[in-house]
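We just call them A, B, C and D in the order they show up, numbering each chain from 1.
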Amino acid sequence: MTIHVPNVNHRFDPLTINRLGLWLFLVSDASFFIALLSSRVFVSGTSTPDEINQVLGLSLTVLLLLSSLTAYRAEVAAENNDMSHMKNMLLATMGMGILFVFGVGYEWYEALQHFPPSTGFGTVLFTLTGVHVTHVATGILTLGFVYFRVRKIETIGDNLFAVEGAVKWWHFVDVAWVFIYPTLYLLK
Amino acid sequence: MTAALIWVLLTVVAEFALLSLNLFGDAATKQGQFIDDAFILLMALAIPVFTFVVTMIGYVVIKFRADGDELEDAAPVRTHKKWVGSWLIWTTLLTIVVIIYPGYVGVQELRETHEEEADLTVNVTGRRWQWSYEYEGRAVSLFAKDDMLILPNDSLIRFYVTSEDQDVIHSFWIPAFRMKIDAVPGLTTKFDVNTTKIGNFNDDVNFRVQCAELCGRDHSLMFTRVKVVEPAEFEQWIADQAA
Amino acid sequence: MHRTLQQSLKLGWVVIGLLAIMTVAEFIVAISFEDTVMLFTLLLIVGLAKAWLIIQYFMHFGQLWGHIADVWRGTLKDDPVADREED
Amino acid sequence: MPLVRGVIYAAIGFAIGGSISLGITNMTGEDYKEPMIVLGYVFAIIGWLMGVGMWKIWGREWFGKSTVNDPTGGWERYLKFNTDHKVIGIQYLATLAVVFLLAGLLAMGLRAELADSGQNVFTKNTYNTTMSLHGIMMIAVAVAAVMGGFSNYVLPLIIGAEDVAFPRINALSFWVVPPVVVLLLLTPLFGGFDFGWTAYPPLATQAPIGGLLFELAFLTFGISSILGGLNFIATIITQRAPGMTWGRMPIFAWSVLAASIISLTATQWVAYGMLMIIFERVFNMVFFSPPGGNALLYEHIFWFYSHPAVYIMILPAFGAELEIISHFARKPIFAYRWVVRAFAAIVALSFVVWAHHLFTSGMGEELAVPFMVLTELISIPTGIIFLSALGTVWRSKLRLKVPLLFALAVVFNFAIGGLTGIFLADVATDIALQDTYFVVAHFHYTIMGGEMFAIFAAGYYWFPKITGRMYNETLGRIHFALMFILYNITFLVMFIPGTVGMNRRVAEYPPEFEAMNLIVSIAAFGLGLSFLPWIYNMLNSWIRGPKAPDNPWGAKTLEWQTSSPPPLENFKVMPTVTGDPYGYGDESVVHARFGKSSPSSQAAPAEGD
């Protein structure tokens, strides 16, 4: 029993309203990441310790960028109603995301020995990667929900925004990492 | 016209009242005097603005009141180019005056002693809920709560202020000097004053060091009495302490 | 800006290629520059460029921009009544 | 019984989160308390939301199940997760009225303590907790009463929409507020928090568990604020009635848009500030302690939000004030477009002035002058708003009803608040006045004298629309007279201890300042009592006041063109906007038409299609 729920939209279709809402939220979240990044200089200056694992950092970056490509392909497939390709790409994205989370886990394991959270650089590293990996986890979870919803249907229909939104969120996480990576690994 | 007259009248009265009042007693430092002058100037500038608002509201409420149940519309004046323009110019001018003097000039005045050699340097450390002082090069330090911070008159005194590492933020404030700077753990801040007046906590309560940044339970009791004395007397006191 | 499936997929490869090049560039910059301010500026530029690529081509910011532009025009275009305001 | 279910689910959530945390701390051997509270709270709030109805309306959808949404019903519709913006507005207003009165009682406690110089009513720690609680609760009221309460109720009506753009997010943004209130009220049981509402570390990181509850509460409140701002921006962009161009939008909608932009972006910063303190407490990180950390980091991050936050509070208040003045002066808003430009300028400037709170903090000296200049510049757009208010009432036909009295009081009070702000933006005078009672009096003049008076103006103005009944005009006038006079005595006198050397946030002070503090205390008690006629008036009129007509004020904006209170879908027939809403004294301007007249025949610009 669904009673009349005001559904407004005289001139804007729901897809556009949803997109606008998501973009506004991303703007807001971007503001949070700017706050995070700006605190780096305060807490540990611009120096990066030598012990940091450059190979790991670069691999994480490559992994996340690649997952953005698969996410992009999932969205394109969804728009073109290519359901099987979309599902594969969603799975691939999630897989790379999970791999990324494990990568960060390994990064933390190493970091605990060289710069634990009670040091300046450790504080920055754990906060930045911690907040970011939370976003990644939300992304994986969202993609999972979307996959769960679209796994059996034939055409994308009303679920287009679900795919698009999850993918946009994933790209946003990627953009955040684009700035976190040099901030943590490359500054001198 | 009437409104303008009332405004001028109110402004003149208020300005005279301001100039005849002694708002906060004399400052005991040169820097404090700058600050007091800046305060008076800002007051003098603010009064005409405030009386303008008051006059307008009062006048309008009496003059343009329309009682009765019938709704009556006023003439639809949506904007007025000249009024908006001149209002913008006047507020901008006022703002610029405030920015330049006391703003910019005031900051320069407060900083003009930065390059000079200080007559006396005091290292101040805050910790909950007590201040400790160390006269640099004089081998005297004050720590106990009952001690009095003794300072020479007619001298440039430089305070280096900090807080203990595992402590919290305090703020070093001597109301009579009008000076205030935070004591932050891990950071040393400084402040210069030129003392100009002899005074004593027992005569004027503003001769005290007061913590001005909330620091927990005994924040309100974190103060030290201050005594400003003649330089000779100060040197004598230092010698007595060192002995 | 409507693309066919093939064009879209190709675009994805182009963008990821550019991103890869920039990541390498970023890394080389970080190894070769010592000066903090210089390094910071260069990293910021590369970062902004990468972010722009993702936002523009992966997140389709332009898609939204169409609507924002409509809204923006709305602020400039007024009805004749309000236009009577001497501005 | 959604509320009971919410509490039960929250308890279950806390048990789950707490046990997970306990398991982890058991392995690592850390102290178990703080991690348990944080993780338990996160789960508890999810449980609470699901319990009050989010699961039925929203959560099922995530698992591909059908959802049920029934925003109708009697009084019980106010006690559940409801997507109707009018219900949410009332939920906000009722909750915040309670918070406001509680915080007011705390303030009276503080004034009782400060009536003489010694220590008599509170112990030192309870004084600090009381003072901090008063601060944060009033801040919550100030942020959410206009933005959450009146904006929610009025904004969709005033722009001719059926609801906000995201009704479910709107409900979510309200339902995280009750946990905030509960957490804050629980703090005294957990040792209280003694760091004021500003929570400067390292004091905040060393505070008892009550401090942790404060940080979680602030963080949660931030989420509400962000989601509210997001919703209003999207609503204003997408949901305006056909024909409502930007130039025809009521000024209140403009002010909400301006405030929403700040609340969307700046609030994230305070969330990060709180998160840093929580991280430092739970994970022993070193953001603020000397080897590595820097205590000024927090001050920058905090004021990057908290200065713009005062514009979140005051801008919608200005909007409501101008709106009310125009309708009661029966004259168009003077220099409407300049006011909109002033809003835009204030929003832009609000992000670059935060460091004027740090003139005495020990930040780099070279920052002082730029921030002073930028701060002083804000007085120019603020001046435009005064010009507009005064220009509107000039040669008007003023009808001195209670809402207008309060709106004019805003102009008066904010003149004092704004002018004293200049003293604090100026580096030289700020060095003397920072952290004294001058500051306390100043921000009470801007926030209470500016915003709270505007809230009361808005409350009386929209009361007939919200409740469908009229308030008692005489009681309203008595309330206004008492509140205005006692308020001004309280806070005008409070400037004096500040200039003569009394610092804020102290329970004890030198006996020399006793006389002025006694005056302030007596006036403050009178001020507290002045709310009694208001409470009686509101409750009594809501229950048995005379029925209000649809448009008791003869105002032209859209919310008055529907029934009082409005139906679920707001308008039986959707309006088409054909002119600006302030067309008083001008027959040719008709704000809106209802019914068959099609938009094209009115030559409404078809914009944003």
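Before moving on, here are some points about what is shown:
Simple rule for what comes next: a residue touches a chain if its C-beta (ideal position, glycine included) is under 8 Å from a C-beta of that chain, and two chains touch if they have at least 3 such contacts.
The shown structure was predicted, so the numbers you read here are calculated from the model rather than taken from an experiment.
The interface with the greater count of contacting C-beta pairs, when A-D is set against A-C, is A-D. Distances between chain centres, each the mean of the C-alpha atoms, put B farthest from chain A.
Rounded to whole angstrom units, the spacing between the C-alpha centres of chain C and chain D is 35.
Work out the mean CA point of chain A and of chain D, and you get 32 Å between them. Between chain A and chain C the centroid-to-centroid distance comes to 18 Å (mean Cα coordinates, whole Å). Chain B has its Cα centroid 49 Å from the Cα centroid of chain A. Multi-chain contact residues of chain A (touching two or more other chains): 12, 16, 20. Residues of chain B found to touch two or more other chains are 78-80. Of all residues in chain D, those touching 2 or more other chains are 237, 291, 293-294, 296, 335-337, 583, 589, 608-609, listed in ascending order. Only residues 1-12, 16-17, 20-21, 24-25, 27-29, 31-32, 35-36, 38-39, 42-44, 117-123, 126-127, 131, 145, 148-149 of chain A touch chain D when the two sit together in their complex.
Of all the residues in chain A, the ones that touch chain C in their complex are 12, 16, 19-20, 23, 46, 58, 61-62, 65-66, 68-69, 71-73, 76-77, 79-80, 82, 168, 171-172, 174-175, 178-179, 182, 185-188. Within the complex formed with chain A, the residues of chain C that make contact are 5, 8-9, 12-13, 15-16, 19-20, 23, 26-27, 29-30, 33-34, 36, 39-40, 43, 46-47, 50-51, 54-55, 58-59, 61, 63-64, 67. For chain D in complex with chain A, the residues that touch the partner chain are 62-64, 67-72, 83-84, 161-163, 165-167, 169, 226, 229-231, 233-234, 237-239, 241-242, 264-269, 271-272, 275-276, 279, 283-287, 291-294, 296-297, 300-301, 304, 568-570, 574, 608-609.
The part of chain D that touches chain B in the complex is made up of residues 124-125, 128, 194-196, 200-203, 206, 289-291, 293-296, 329-338, 360-362, 365, 368-369, 372-373, 376-377, 379-380, 383-384, 386-387, 390-391, 393-400, 408, 411-412, 415-416, 419-420, 422-423, 426-429, 431-432, 434-436, 499-501, 503, 505-510, 512, 554, 582-586, 589.
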